[in-house]
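So that you can tell them apart, the chains are marked A, B and C in the order they are listed, and the count of residues begins at 1 in each.
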Amino acid sequence: MNNCAIEVHNLTTTYGGAPVLWDIDFELPAGQIIGIIGPNGSGKTTLLKTIMGLLEPSSGYVKIFDQDLEKMRERIAYVPQRESVDWDFPATVEDVVMMGRYRKANLFRRSNRTDLAVVAESIEKVGLTPFKKRQIAQLSGGQQQRVFIARALAQKADVYLMDEPFVGVDAATENAILSLLEEMKAQGKTVLIIHHDLQTVSDYFDYLVLLNTRLIAKGTPQEVLTKENLSNAYGGQLTLLAKVANLIKENEFPIREKDMDL
Amino acid sequence: MNEFWIILTASIVAINAALLGCFLLLRKMSMVGDAISHAVLPGIVVAYYLSGDKTSILLLIGATLTGVLTSYLITFLSKKARIQGDASIGITYTLLFAVGMIMISTWLKGNVDIDMECVLYGDVALINLDKIIIDGNLYIGPRAFYVEIIAFAIIIVSLLWGYKGFKILSFNEDYAQSLGIRTGRWHYFLMTLVSLTTVVAFEVVGAILVVGFLIVPPATAQLLTNRLPFMLIVAALVGIVSAIGGYYLAVWLNVSITAAMIVVSGLIFSLAFIYVRFRERLGNKSVTEHLPI
Amino acid sequence: MQTFIDFISFKDPNVLYVVLGMFFINGSSAMIGTFAFLRKRALIGDAIAHALLPGICLGFMFSGDKNILYLFLGAFATGWISTYLVDYIVNQSKIKQDAAIGIVLSVFFALGIVLLTYIQNAGYSNHGGLNLFLFGQAAAIGKSELWIFAVIFITILLLIILFYKGFTTVAFNADFAKAIGLPVKTIEFLLTSLTVLSIASGIQALGVVLMSALIVTPAAAARFWTNKLPKMLGIAVLFSVFSGFIGAFVSYSESGTPTGPWVVMILSLITLLSFIFSTKRGILARYLQARNNKLKIRHENILKAIYQYHERIGRQVRLDQKLSATDILGIRIFDTSELQKGLRRLIRNDYIRKTEDRYQLTEIGAKESKRIVRLHRLWEQYLLKRTTIDTYHVHSGAEAIEHILSPEIEAELKRELGIEGIPEEDF
């Protein structure tokens, strides 16, 4: 694929020996809104974390614009699941969004005018300007979600990975986020979103990845949302896969042989 | 004059512990701080045994390393041995504490400098025995005070310098890592500072009571504030007030000074707790009043 | 040796008291600790242990002497209040559990020290020995304490047997217990009370810090050996009691060293050994398992290579060729010495015959090689049917998995692919 934003090659990630992502291969087109779907526990979060280098894959690799992740950190932004942090943390909306400006290199200097301007702009984009001095615990779930999105926007990246940004969000906020996404797409950004609501996927996304431990399908919504694919992913057709994964874990089995590629 | 130095030194101990304790608290690692403060004991004993001197720099480094090792061991037990987190903490520090106790009872039998009671609650009243006198007669304060001041300087500089790093580490470690920040290094940096604080506080407040300063003032501050800088300041203030109040309480009742300081910080915590509950109750009422029914 | 004989002959009645005392204390706390461990409340024990100190001092101030009953009642009261406070702080504020434990632990302990120093300085007579509770002294166990410890031990044992169902359901899943109508509150109350009791019984011998080891460590060590609760309880008690015995002996022979720290050391040592040698989750077992897997994979790959050799020359039905090592290496790259080792093992196991530097499959070897190739293809088919996979990866993905598929899984694969009953030679 030319113009490929993220390439995932033969990726396997395990927790304590059991493969949670298994031989995943795909290339994602740049400048599109891409959905990742799959049932609970199918490894969607694990996939994002592996792409972001938060988890070490046991085989395979990830390339961002054909480069290693370390070289591309500046151009890729991550929006974690909202429940992954403690919102009682003593910080305001502004404080959290400012974290999007932190870099390894600038941790030791004060935030400058550009940082402040970018933060204000990002907060404005998600419509939280009236709340910018609020402590984050005093926000609603949907507002907290938007704080995380604003923080990622403040990174001024080209690729955005978002873990369930629509969870716990009302229809109005969902629409606001969607138009933001469209705007980002118009600027040529690539957005990768974990999503749960199968009703809306074909409206929201240009490209889909359907996961359940293994890659079940990828392509345009039309190609992916076939009855067969969905029943493979959601219909409990993969019990065998789970059994084998469990055998691998219990027997401390290697998922790949060292001497395999001939 | 004696009184002045005791309160001043104890206040600095309290500030050091309270500042670092804020980050431990936010990282949900308060009990790791507890474990470190118990577990530096064998480090202190070994270093003391080797150098024969309670003031040596070797002792400082050795004991600090034990503290860092403790936090490493806890991580190892929960990651590699797959023992649940709080059990790993319990196993690690009881073991190291037991090792320390055995060392004391075999190597340092009858030693007056390090006895078990000093381990528990130190003796801030005795710091004046070790004075620094220059020019033959000019008394400029106890040695412990200067040790604490140096530790304070190290901590302040580290926190100012690494404020953003510690902050993002405490709020959202995964995200920090996604920005390319080496969270592992920041974690061990924090653990080193905590160990250092415990070790230098050892002779003043004892290894165990330093836990009180590490946890109670930050928790009080968390109840009362909404922003990290304020939390740090309030925690330090609570520490200072506890030190002053505790001193006079101890004098009045003729009891252990450091223990009284922690008791006072416990009282301040209770007051803050009640105040916040009270405020919430009022707040909730006003919210319900505004609800369109 | 003589020391050991002296020790177990209990010439000195105090030795007997210590040994029996450690038996009851360690037994009680190991049982209770197992439940605390499963309820993920291992560190609560720590808070309780520290919180006993002010209670003991208050008990002393009330009774005016070291009447064990008063001390015990006081300890029980403050121990109980401490666990209640931890829960209260967590439920009523934004403070999380570990900080709440830390707050309660250090403030109660400081209060204990304040009271202790007050007693020492306020002219109470006969207060000597109260500070033993700080670090513990097993040697101080006397006849009257022994009785109390025994009663507590038996009470805990009986209650666990009596309420076994309730305790376990609450320990594993309190929500579920509530849903099926168990009196969760009462059971939790009972468990907390027993926890305080068992810690209170050990505090004099072990001291406030080390006591929490008796709660946490035996359960953690036992967890390496079993997944079943009754077994886990038994193993935890066994480890703990054993450590108590050995600890008492070491401290007896190294006179001058206290018992408690030795008990904890030995318990920790047992945990370490369990971590290494446990047959279930130990690293040694894991290492051996991984090694076995590697050998298995190597052997099966050799058999498969031989099969593929036949396939290449169109004789996969007969599988009767005699190959040289070079022939095998022509199919698949092996490390030469590993190939030699693998072939030798296969010959020993009758999968391969060797005649003058040539290797030939035996009957079972032929069957085995077919099975491996069949599994490989089944897995490939399965992946192609159920998932999206690039054709050039489907082979390598199946490469490792063929070695692990069990006969049951093979049967299921066939069922899913709809090829049940097709003769095995045909694909």
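The rule is simple: a residue touches a chain if its C-beta (ideal position, glycine included) is under 8 Å from a C-beta of that chain, and two chains touch if they have at least 3 such contacts.
The shown structure was predicted, so the numbers you read here are calculated from the model rather than taken from an experiment.
A.B. asks: Answer with line, ring, star, complete or other to describe the graph linking chains that touch.
C.D. replies: Complete.
A.B. asks: Central chain, going by Cα centroids?
C.D. replies: Centroid comparison flags C as closest.
A.B. asks: Can you give the whole-Å distance between the Cα centres of subunit B and subunit C?
C.D. replies: Comparing mean C-alpha positions, subunit C is 31 Å from subunit B.
A.B. asks: Would you kindly tell me how far, in whole Å, the mean C-alpha position of subunit C lies from that of subunit A?
C.D. replies: 36
A.B. asks: Approximately how many whole Å separate the CA-defined centres of subunit A and subunit B?
C.D. replies: Whole-Å distance between the two chain centres: 38.
A.B. asks: What are the residues of subunit C that contact at least two other chains?
C.D. replies: 94, 96
A.B. asks: Which positions in subunit A touch two or more other chains at once?
C.D. replies: If we look for residues of subunit A contacting two or more partner chains, we find 86, 88, 137.
A.B. asks: For subunit B, what residues touch not just one other chain but two or more?
C.D. replies: 28, 82, 222
A.B. asks: Note which residues of subunit C are touching subunit B in the complex, please.
C.D. replies: 37, 40-43, 45-46, 89, 92-96, 98-103, 105-107, 109-118, 121-122, 131, 134-135, 209-210, 212-213, 215-217, 219-220, 223, 254, 256-258, 260-262, 264-265, 268, 271, 275, 281, 283
A.B. asks: Once bound in the complex, which stretches of subunit B touch subunit A?
C.D. replies: Subunit B residues touching subunit A: 26, 28, 82, 161-162, 164-165, 167-168, 170-172, 174-182, 222, 225-228, 230-231.
A.B. asks: Which subunit A residues qualify as touching subunit C in the complex?
C.D. replies: Touching subunit C: residues 10, 22-23, 25, 86, 88, 137, 214-218, 232, 237-238, 240-241, 243-244, 247-248, 251-257, 259-262 of subunit A.
A.B. asks: Which bits of subunit C are touching subunit A when the two form their complex?
C.D. replies: 94, 96, 286, 289-290, 293-294, 297, 301, 332-334, 382-383, 386-390, 393, 396-397, 399-401, 403-406, 409, 412-413, 416
A.B. asks: Touching residues of subunit B toward subunit C in the complex: what are they?
C.D. replies: Listed in rising order, the residues are 25, 28-31, 33-34, 38, 80-84, 86-87, 89-91, 94-95, 97-99, 101-102, 105-106, 109, 116-117, 120-121, 208-209, 211-212, 214-216, 218-219, 222-223, 250, 253-256, 258-263, 265-266, 269, 273, 276-277.
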